[in-house]
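In what follows, structures are represented as structure tokens.
After this come two complexes, each holding subunit A, first together with subunit B and then together with subunit C.
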Partner chain A sequence: MTGVLHIFRQPWIWAWIGAVAVWLATATFTQGRGATEVLSAAMTFGAFFVIVALGQMFVITLGPGNVDLSIPACMTLAGTVAMKTMDGSAGMIPVGLLIALAIGAGVGAINYALIRMLRIPPIIATLSSSFIFQSAAIWWNRGLRVKPPEPLGDFTTAKIAGVPLIALLVMILAVAGHVLLTRTMYGRGVVAIGQNIRAAHLAGVKVERIRAATYIMCATLAGLCGYLLSAFSGGAALNMGEEYLLSSIAVVVIGGTSVAGGFANVPGLWGAALFLFLLVTMLNTFGAGAGVRLVLTGLIIIGVIVAASGGKRRT
Partner chain B sequence: MKTITTLGMVTAVALSGMTVSAIADTSDKRIALSNNYAGNSWRQAMLGSWEKVTGEAVENGTVAAADAFTTAENQVTEQAAQIQNLILQGYDAIVVNAASPEGLNGAVKEACDAGVVVVSFDGIVTEPCAWRIAVDFKQMGKDEVLYLSDKLSEGGNLLEIRGLAGVFVDDEISAGIHEGVAETGKFEIVGSVHGNWAQDVSQKAVAGILPSLPDDIVGVVTQGGDGYGAAQAFKAAGRDIPVIVMGNRHDELSWWKEQKDASGYETMSVSIAPGVSTLAFWVAQQILDGADVPKDLTVPFLRIDQDNLEDNLANTEEGGVANVEYTLEDAQAVISGAS
Partner chain C sequence: MTKDAPVVVLNGVEKSFGAVQALRGVSLELWAGECLGLVGHNGAGKSTLMNVLSGNLVPDTGRIEVAGSDITDRLTPQNATRHGVRCVYQELSLCPNLSVAENARITHPSISGPGWRRRARALIGGMLDTVFPGHGISADDIVGDLSIAKRQMVEIARSFAVTTTEARVVILDEPTSSLDAVAATKLLSHVRRYVEAGGSCVLISHLLGEILETSDRIAVMRDGGVVELDDAEHFNRDSLVAAMGSVAEDARDSADRPVIRDSAPIVVEARPKAPDSLALAAHQGEVVGLAGLSGQGQTELIVDVFDHASGAQVEGSVALVAGDRQTDGVFPLWSIADNISVGSLQRFLRGILIDQTQARDFADEWRQRIGIRTPDVDDPILSLSGGNQQKALFARALGSSAEIIVMDDPMRGVDVGTKQEVYGMIRDEAAQGRTFLWYTTEMDELRNCDHVYVFREGGIVADLPRAEMTEERVLHASFRADA
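And now, the complex of A and B:
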């Protein structure tokens, strides 16, 4: 009994409840038609959200003012350069992956350098650096859409027993993220910094080293997402990362991570990613107009966040 | 050779019955392009066409300068400030692709009051003193349905992919589509999603709604930039691919070509050529030249059909959009068509 009550105090449960509720509503509306296919699509697209949201979660947990706004530009730059370098050749797949990850790491390092050395607040630093990265992508590619190597495209769309392969891999990534957050010095350090940076420093947490690692990890994950997304959707485009800016933050917050920092959880990311996709699908299925859809999306997100923060926060 | 071309142009102007003062040339005039956004392949092609055509015009001495300026953030305030700067810099004409139909009216009025000719295109402005080269987006939407009506005489279920919610272009194209559906009376739009004119967003939206739709979807009406994503989503769902109307993007055309070669797939593709910026340039040049130009002009569509697919695909840059660049004569034809 207390176990059941305990689970309702978890901040991440509301995103999952929301996801299941909108899925059931969609399935009821269509009388069960296509319910499993919708779920499969939600897992695929949710996986991309989770990759970027995982990095964003660690950044946001660092405390007030910490957020990475360069995610879309980083995705675009990594995706376009990797696709152009591979140029559809299967042998270049690992090279492309390394390039995407290296671009991500580089972007993260530049972001951190701006924050640390020039003492620019993270929001401004990552926003301004994103202009540079986006322009670099435009300059390098001029809107080029190069098809991904075929094996890579097949890999990102493959399914095992109806479950998208990419979703399985991102679940493993999420488990790793969970262990990193809750079971390592690094993860506890991130949470400690978010709760009180001075106390964390006095307690011997290597604040700057952890902040650097967090920004670099976040951008590297964005690079990975750009690489996989361009393989999945048949090529990279200059505007491919656009909707991942707000989504990455929304997924983190709906998932029950505190936007003020210091409290985070990984299970909520998956719940929130599925919820966001299923919510739009539900409203599309109902045939709601764009205006109604945006209003409802806003209201439902507010509802879930209020519900998630209703109980006392626990770490 | 250059003299001959110039002479040809002058003759053309004279022949088209415009003011004789057309010979009072525009070689000392400076034209600026104020552009609100450059972050997609269409806009990149638009800027590329501008550079190419105006570069030649400057070299030939038709105008003194034709510089392009793009704002960073697609924001009204920023573009208004940019236009004010262009007035101060003394340009004789400003060609605008506007971030908002009304938001720039103040700055445009200032320009007119300062004696600067303002020609808006694609993203037009409503300020009466400016010229407008508008696209009949409604007709474009209607043409899609009329094509499907010819091709699919039985009619059936359609899926509509819309653009960015709240943008005028999206409302217009969609209104045209719905008008076409009402007039032909044999189609039903069973689903409608917003694809934001982006391939990945469309793919995601279509993949989400597809499982809940009936199996017999015969056509997909689109707004451009979204056809390839729709095709990917149908393929991933293991469904028969319906007739998807394309929007002239390279990925859409090359996908169409693959299907055509493999299975005789038939469709059509329609959009606005990014080179419309060059049409706006020539219109501005004509106004500076003293020509009598009506305030409202209409851009022709660039439509690709089954038989001219290969030619258009060959002329389209990889990752770009099918394009045509306009000449002075094209501009004069558009002007005389409107007056």
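And now, the complex of A and C:
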């Protein structure tokens, strides 16, 4: 088996091939005009997708029924509370970050408590808790849009050698996530639980400890994303998390992680996040109407997933 | 069907999986009214051969005839079933989310239209009553809720049931490995009745006694080929073992080991919740057997000890060897190496990172020690035969640092030679101070134990030191006096 063939058996390759293909198609259509700007925008927005998708990937890998639907509400709550606390003051930036992370961790702990103590299926537990968190966000800021501290806003749009700074940082985060998944006791435990939770317990994996850590980590990453996204878009909006509900799941699945659990990879998250953003950009560039755009988005996603599962996955 | 032509002809069947040649030109005939015993080591090709006959695997070369028609080119499980070939798989093939009756309907599509549920219930219930009288299974039970022994009974009964397609050839792949002695006897006498009525049967088993008693002819497989084939009466236990190429059975008896019960400290104390149950005590370095019919509370006690649950006092860390490997043991998406090392990862930590080279070397060392038949521990665990998967689970537990090892009927599907080696390993580990709790339904395995507790209806009813342990006493305690 040659190295070239081997790479086509990687589950994440199809998301990357898709991303490159739609970018090339867009660039060809515009005859190269704006191609680098599109790429730069894709990296910034892709970075936000990857932050939440990283947490969602670990949750989904825990096995059938595990998914976190409270990500949008958690992002909104963390974003609004952090923005209001900082109130535009640059000195409060670290405090705001800590508050956003703490809110995320709290949301995750509540989600896990509902799942564990009340034995509610995760999909229901996180959906119902998300209504509470969303209402808390509405109550907290009463519809006001507080501007972020200026240095923080600048930070989220800064570029180094043309590459968005935030994308570079999220790449480092992704590498850490990859190491966490493949090289630590925690990561092995998550993958074992996703394949067979009873066998994992009987093999000595600390099942409940790992499940708790996973839900808390996922919500903490959502809190971080809410904080950065509010800073990026000039303040927290109540609907800012909306599109992150389905995209966080789509990015995980397109990236080659098994929806059935027990099988995950991190490189695919970046490929899929870039692919999703570039796909919408391409259809916009082509001047497709809203209806055509949604239909094509759906069909192309199906195509990538079919290609990916034909590559390597057995079940 | 004519009497003078064989029901099944396998001619020069070959099958390779990558570099491993599982079958090297097997030719075999099966006649109406006979039971053919099939024996051989784990990985000798028995299950592969039967998977070819039942249409699950397409052979690389060779010809397969059933009832006079060549079906080599149309080999699918559906087509094999249409020709009357039924298979009871070692890895059970029932759908766990469906009821017993619904599972029966799946392989009997002629049951259809209004009232199919009632007819499916009658079909499977009647067959269960015929093969396993007193089985205690309702046709409305959900399969996933049944113990592995009961699931095996359902699978067997479903294969013998006849609707519009007849059951001409029934393949039984390790059918008794999950059954206790009583259910196994019922099955084997049904096999004889079925064969005498003109049916054909292939019986695969590692229990040579039942092969010798039940079969008319016996085929011995080794390294993907049939090395001997003769009438059953021309074989005995020793000649079978010799033909399989096993090392001679280890005659070392546990009786020559000293009794350590009086001096060694107690490491496990547990009392099942059933009323009037005796308590179990295991001393350090002992091999303690949990006997009785299957499903009498032995597994529950083992899991309680593993969990350090209330009601069980356990001194030390515990590792478990699963018997129901699909449900309790194997991680199907992982390699053999990952499946073995998952029990010992703590040891390979460098800071917080796992040293993967070290973990793999550890798995490879255990592959050699316990003789897992694979060229490469990086291959997927599902590329192994059932018995070899079981060896990987043994390696996981024995290789861990646990002081206490609990085993839940762990020898299912493991061949004679390997069993002897594993017995030896268990005795050596015990001599070095490890403690074993060993649930088994096989008498031969109890002879390796220092002390035996017999379970019945969720409680312990007899407490037998090695010197007092006889087959008769174990059986006597397994049944209620009024039953």
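In this text, the second predicted complex is superposed on the first by the 311 of 315 C-alpha atoms of A that agree within 3 Å, B and C clash if a C-alpha of one lies under 4 Å from a C-alpha of the other, contacts with A are read in each partner's own complex, and residues count from 1 in each chain.
Keep in mind that, in the parts below, contacts are C-beta pairs under 8 Å (C-beta built on N, C-alpha and C of every residue); 3 or more make two chains touch, one makes a residue touch a chain.
A quick note: this is a predicted structure, and the numbers were derived from the prediction, not measured.
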Discussion item. Based on the shared subunit A superposition, would you classify subunit B and subunit C as clashing or fitting together?
Written reply: fit
Worksheet item: Which of the two partners, first being subunit B and second being subunit C, lies in contact with A:Gly235: first, second, both, or neither?
Response: first
Discussion item. Per the contact definition in the header, classify A:Val179: touching subunit B only (first), subunit C only (second), both, or neither.
Written reply: second
Worksheet item: Roughly how many degrees, to the nearest 10, is the angle at subunit A when you join its Cα centre to the Cα centres of subunit B and subunit C?
Response: 130
Practice prompt. Answer with first, second, both or neither: which of subunit B and subunit C does A:Tyr112 touch in the superposed model?
Written response: neither
Discussion item. Going by the contact rule set out at the top, does A:Thr26 touch subunit B (first), subunit C (second), both, or neither?
Written reply: first
Worksheet item: First (subunit B), second (subunit C), both or neither: which does A:Trp12 touch?
Response: neither
Item to complete: Quick one: classify A:Arg188 as touching subunit B (first), subunit C (second), both or neither.
Response: second
Worksheet item: First (subunit B), second (subunit C), both or neither: which does A:Phe58 touch?
Response: neither
Worksheet item: Just subunit B (first), just subunit C (second), both, or neither: which does A:Thr281 touch?
Response: first
Worksheet entry | Of subunit B and subunit C, the chain that contacts the larger number of subunit A residues | B
Worksheet item: Between subunit B and subunit C, what is the tightest CA to CA spacing in Å in the combined model?
Response: 33
Discussion item. Applying the document's contact rule, which stretches of subunit B touch subunit A when the two form their complex?
Written reply: 38-41, 44-45, 48, 72, 162, 165-166, 191-194, 196, 198-201, 203-205, 207-213, 228-229, 232, 236-237, 250-251, 318-320
Response to the item:
Within their complex, subunit A touches subunit B through residues 26, 29-30, 33-38, 41-42, 44-45, 131, 134, 138, 141-146, 157, 229, 233-235, 237-240, 242-243, 277, 280-281, 284-285, 287, 290-291, 293-294
Practice prompt. Would you mind writing out the residues of subunit A in touch with subunit C in their complex?
Written response: 179, 183-185, 188, 191-192, 195-196, 198-200, 202-205, 262-263
Fill in: Partner subunit A, residues of subunit C touching it in the complex
303, 306, 319-320, 322, 327-334, 338, 342-343, 345-346, 349, 352-354, 356, 396, 400
